[in-house]
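I've put the structures underneath this note.
Look for chain A in each of the two complexes below; its partner is chain B in the first and chain C in the second.
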Partner chain A sequence: MLYDLIPHIINGLALGLLFALLALGFMLIIGVMEVINLAHGSLFALGAYIALVVMTPDGGLPFAFMQPYYDLPVIPRYIIALIVGPIVVGVVGMGLEICLRRTYGKDPLYGLLLTFGAAMVLEEGIREIWGSSEYALPIPRGISGGFIAGDLIYSNYRIYAAIFSAAMIGVLWVFLNKTPYGAVIKAGAHDSEMVRALGYNLKRLRLYVFAFGAALAAIAGIIMAPIWGIRPVVGVDAVVPAFVVIVLGGVGSFWGSVSAGILVGLVVGLTAAFLTDWSLLSMYLLLLAVVTFRARGLAGKASVLEA
Partner chain B sequence: MAITRRKFLKNTALAGAAGGAAFMGPWKHNRVHAAGSAKPIKIGLTHDASGQFANSGQAEKRGTIMAIQEANEKGGVLGRQVEYVWMDTETNPQTGTRVAERMITRENVHFLAGAIQSGTANAISQVAQKYGCVYFNTNSSSPTESGKNCHRVKFVWDGNGENFARAAARNAINAFGKNWMLIYNDYVWGQNTNAATKKVAVGYGAGVVDEVAVPVGTRDWSSILLKIQQAKPDVVAAAVGGDDFKVMRQQVKDMGLDSKPAWINNQQDWPDVYGLGADAAFGVFGTTWYHYLDAPGVGDFVKAYQTRYPTTRINVPGNVTYNGYVAMRELLRVVEEVGSTDNLKVIKALEGRKMSAADRMQHHDAYIDPNSHHVQQTIYLAEGNKAPRDKSDYFKILSSSDPESIRASADGVCGLESYADTPSYDQG
Partner chain C sequence: MQAMEYDKKQTAAWITPPMLIAFAVFATLPLWIETVGLYEYLAVEVLIWVIFAMGFNLLLGYGGLPSFGHGAFFGIGAYAFGLAQFNVWANLWFCLAAAIFVTAVIGGIAALFLSHRRGIYFALMTIAVGQIFYFIASKWTTVTGGEDGMLNIKRLPVDFGLVEFSIKSNVGLYYLTFGLFVVVTLLLWRLTNSPYGRVLRAMKQNETRVAFIGYSPRLYKWSVFTLSCAIAGLAGGLFAMAQEGAYINIMSLQWSGTIVLIVLIGGGFVSFWGPLLGVIFYFVSRDVLGAYTDTWLLWFGLIFMGLVMFKPDGLAGIWRDYIGGRKAKSEQSGNPATVASGR
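Let's look at the complex of A and B:
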């Protein structure tokens, strides 16, 4: 029994790291700006589509002059996609933040509605440009296929995605805790007025944080694309677990989100293995159970960004 | 644009009048209008544009519209133009109900057509039966659609899950083994297709090692794929559809499980594989039609589609578009033949109707079963094509089954409402 359980625990951990990656940008924006960015999923999807454009002529740039570029090996195109995708989506995030400015200081419902509207616009825009059909993102051969572990085969890409997610979590933690920029962002989350009083440009800080959060959504979209596929509604698939993870972890808590992501991954993974028809429900039952006994989530502290 | 108070009041009054008109509208089910009028024949198209089956919904819409346009180019039907009104059914039964009600009571459509998801098709057909409006379920393939959920007004044009299972099961047991694992989407089509597959497979001597119900919307299949590996089945029979199928396929391939165990994927809809290459068509699966079938008229149909839809990303028609097209073409032919849009006349002409293989671009003659209203047709067994003739040639057709050899037992439980219990319906 235990022997049967081990692969599912490892798989749950890998899945959990992906859920944590999914929630990072969401957590950053809600932690610093107290805006529930419902467009997070659409930014995630846009990242995947931009990567598609960068990696293959199927993505919508079938111009002849692009062909030499598309003839490059997959690895450089993949690396370029991981750079260009977040930059483009970050710029879109900046545009969204500018639209959001009029809602600051007002009922949070305004921000919620605006980002919901933005999500609709982005999804329909994606449908208009790329259509409703499914696309597949090519990946380098070295991280595709499966490897054999005992009697089982497991996906190389999953291992890569889990390691990438862990690395992203580490990089973000270092950025927030060991750099002056991170210190300003954290200070902005604790007390934005004080940050302004100290001479920092709060407007610019919010703009960059939103762009950074959107870029993280795009990175998650690119990493998840080979697992979930690329289609206009893929953002909806992303925003729901991301929301669950940040509420479960405690709104604005970095390690709360990471640990909640891993917890959700383990619960969903193990439930899918043994009670498959309960697998989706298990995530919401976990949320219900935690929020019932600890409304702030696992590590929530009055909506500030913790280290 | 600013809305002035006057404009607001005017719009409110108009909306109120429209709502009132619908509220005060004809209550009786016998909706007989002046016959012989030259007003267009109006078809209500209930195709998904959002939700799990958005892509397939738009593919069948292209097929139904193509048949309507062809009829109009030949002078119309009964000397009248054919119009259509389309509303997005959102892959959602509640929306299907609302759309069908609106189509019938406000749009005054003569007929309804369109469905991918069986739950939505069932919802639409309940409304259609209430009013007596003839409804063509073009593409949803739960055995219940022409079984326990059949209706006098409903005609089911796709092969169902049991047809496909019958076409595949015996061959799969002989070729791959008797230990089967069943996975299915936990909703009406998945449940009923799985039940039919199980019945057929067990009937041919297979043993079921496990059955796994997978919630609709599942995006991570890794745990389920590990579970499959631990169970070590010879064959996995999957009744998984729409976006769930696409995600499953992606992850099966990614994990390298697409060749062992053997996969039977019931039916593979063309919009779900198009653009992904032959590798996406893994396992053995069924289909009702393929654009490289060696049958009369296939090439002409493909050319006509490409002429009509030159910029559509899916630039060759597949089974979903085909089903929409032949269903609508047959409906319009029958209306012309009976000389009326009266529902009972049309229903009686459709019941038992024979359609030649050549006309339907298939290999065996087809007919509409008068007791279940299910189109009995050729089912093809296929697999991914390792030697494609071009980049659209994903499928390798392995065999074709004639309708009698794969006839679904589920059709036998259908109890159609009597003619007397079916409201007469004619929008004139």
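Let's look at the complex of A and C:
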């Protein structure tokens, strides 16, 4: 019985690590900007659409001179997509941060509402440009398909997604903890006014952190695209788990979010094994159960969000 | 927070000039709505959403509790109305009472999990609660009809014992809704101007101090949440009749977010009448912008972002600033009692 569950556990793990990657960008933004970025899911979706444009002519760049480029093998195009997607979405994130500046120092509800409006604009913008139909992102042959071990089928892509996300989380950890830039970001999340008092350019820090968080969302979107497909509504499907992971893991805790992400992924994956339709519900029930007993999640500290 | 306040004075009046204007406008609305190029059903829709939004503003504006799951309770009201009609007693008053009661009970239970949350944590938990009900409604197809919705809900006749009115026409349904709107408005007006309303406003400013004075914020949060759920249930029941069915989409996170947006765009934080302005603005711009472009939500979203950035107090705030600018020297500005008279 347990043995049969291994593919589901791997699926859950891949999902969970992706949620964690998405949630970490979300959390950096909460930390430094004190803003709940409801547009995070839309940035995630936008990342996937940008990858689509980079990888296939379906994405809406039907220029003739692009044709030789689309004749390139899949792997270089995939790598270019993984670089271009986060950069473009990072720039969009910068634009959003500039809009958000007017809400700093007010009730956090205003930031939340502004990003809700931005999510609406991004989703409708995506609909306007790419339509409502579903697209599939081509992936290199090496990571598509599956293999059979014992009696069970394993998806290569899920294993790749899990490893890639885990590696990204590792890189992020090293960046935040072992580099001077990471130290400033963490200090900014702890007390942004103090960082300014020490002579750092807080305005620029916020701009870059928002762009960085948006870029992480784009990466998660590109990796998730072959699993969920690319649709305009995918943004809502993504932003809600990011919330759940943050609240569950506790705001401000790196490993809290990672473990909460894995926990959510596993619960969703395993519920899907038995009751496919109810798999997303289990996530909310888990949240309700944990938060009822541990108000700040698994590893959270007091934060600006309770004010 | 200095800009984001209601009038400090409370009033003992039951009827105020803006209220009379609102009642007069809505009482005559079916007579002239078609001459301004709109249609009767829109009036019904607007008035139902006004009831919902005003009840919601009790929670959001007065209590300072942003619920991002309130669409779920609107939906529960609609389903409860339909179920009561099909399975128990097809009487209008009974079905509306059932919609209110069921929604209040479910909302009251949900509020038990929410009433000790603060700030953004409250908002996040309401998202979770709203999504739980959304999923239950979408998967429990034997009861709710799932994605297809609950069909064939009838517009029950308004039964006053001796006389009976049919509300099969949109105008008939409109006047039933209008009657309930008047009742709900009077109740909410008195409630927000009562000691209860005063504690709510105080809690929005500083919950800890309210607790120090000796009030229980938990009890107040629980009761205001339950009350606004009950009003949502009433609006949901009416909406089920208007649509002649109950559908899942109004329970979604997008709709729950949209109602927050509607209330804020109207200026729910600074005026009792903010939600009303917001609903009118939303539905009229849906029809007007929608006539020109398929992606009206894109433009509406941009307008909304602009409002949050430059005029965070919404339409009512713009009006207040206008009035305030005109008589800045003569008296104190920002009386919400004067705000809506500019509609």
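Assume the second predicted complex is superposed on the first by the 291 of 307 C-alpha atoms of A that agree within 3 Å, B and C clash if a C-alpha of one lies under 4 Å from a C-alpha of the other, contacts with A are read in each partner's own complex, and residues count from 1 in each chain.
By definition in this document, contacts are C-beta pairs under 8 Å (C-beta built on N, C-alpha and C of every residue); 3 or more make two chains touch, one makes a residue touch a chain.
What you are looking at is a predicted structure, and each value in this text was computed from that prediction instead of being measured.
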- request: Would you mind checking whether chain B and chain C clash or fit side by side on chain A after the superposition?
  value: clash
Task: Applying the touch criterion given at the start, work out whether A:244 contacts chain B, chain C, both or neither, answering first, second, both or neither.
output: second
- request: Classify the contacts of A:277 with the two partner chains as first (chain B alone), second (chain C alone), both, or neither.
  value: both
Message: For A:128 in the superposed arrangement: first (chain B), second (chain C), both or neither?
response: second
Message: Once chain A of both complexes is superposed, is A:285 in touch with chain B (first), chain C (second), both, or neither?
response: second
- prompt: A:191 contacts which: chain B (first), chain C (second), both, neither?
  reply: neither
Message: Per the contact definition in the header, classify A:114: touching chain B only (first), chain C only (second), both, or neither.
response: second
- request: Would you sort A:102 into first (chain B), second (chain C), both or neither based on which partner it touches?
  value: second
Query: What stretch of chain C clashes with chain B when the complexes are fitted on chain A: 94-102, 112-120, 166-174 or 256-264?
result: 166-174
Query: Residue overlap on chain A between the chain B contact set and the chain C contact set?
result: 277, 280-281
Query: Quick one: in the complex, what on chain A touches chain B?
result: 4, 7-8, 11-12, 14-15, 58, 131-136, 144-146, 151-155, 157-158, 226-229, 231-233, 237, 268-273, 276-277, 279-281
Message: Under the definition above, what is the set of chain C residues touching chain A in their complex?
response: 1, 4, 66, 113, 116-121, 123-125, 127-129, 131-132, 135-136, 139, 253-254, 257, 260-261, 264, 295, 297-298, 300-302, 304-305, 308-310, 312
Query: Given the complex with chain A, which residues does chain B contribute to the contact?
result: 49-51, 54-55, 58, 186, 212-215, 217-220, 222-224, 226-227, 229-230, 232, 243, 246-247, 250-251, 254-257, 271-272, 274-276, 280, 313-314
- line: Per the touch rule above, chain A residues touching chain C in the complex are 36, 38, 99, 102-103, 106-110, 112-114, 116-118, 120-121, 124-125, 127-128, 236, 240, 243-244, 246-247, 277-278, 280-281, 284-285, 287-288, 291-292, 295, 305-307
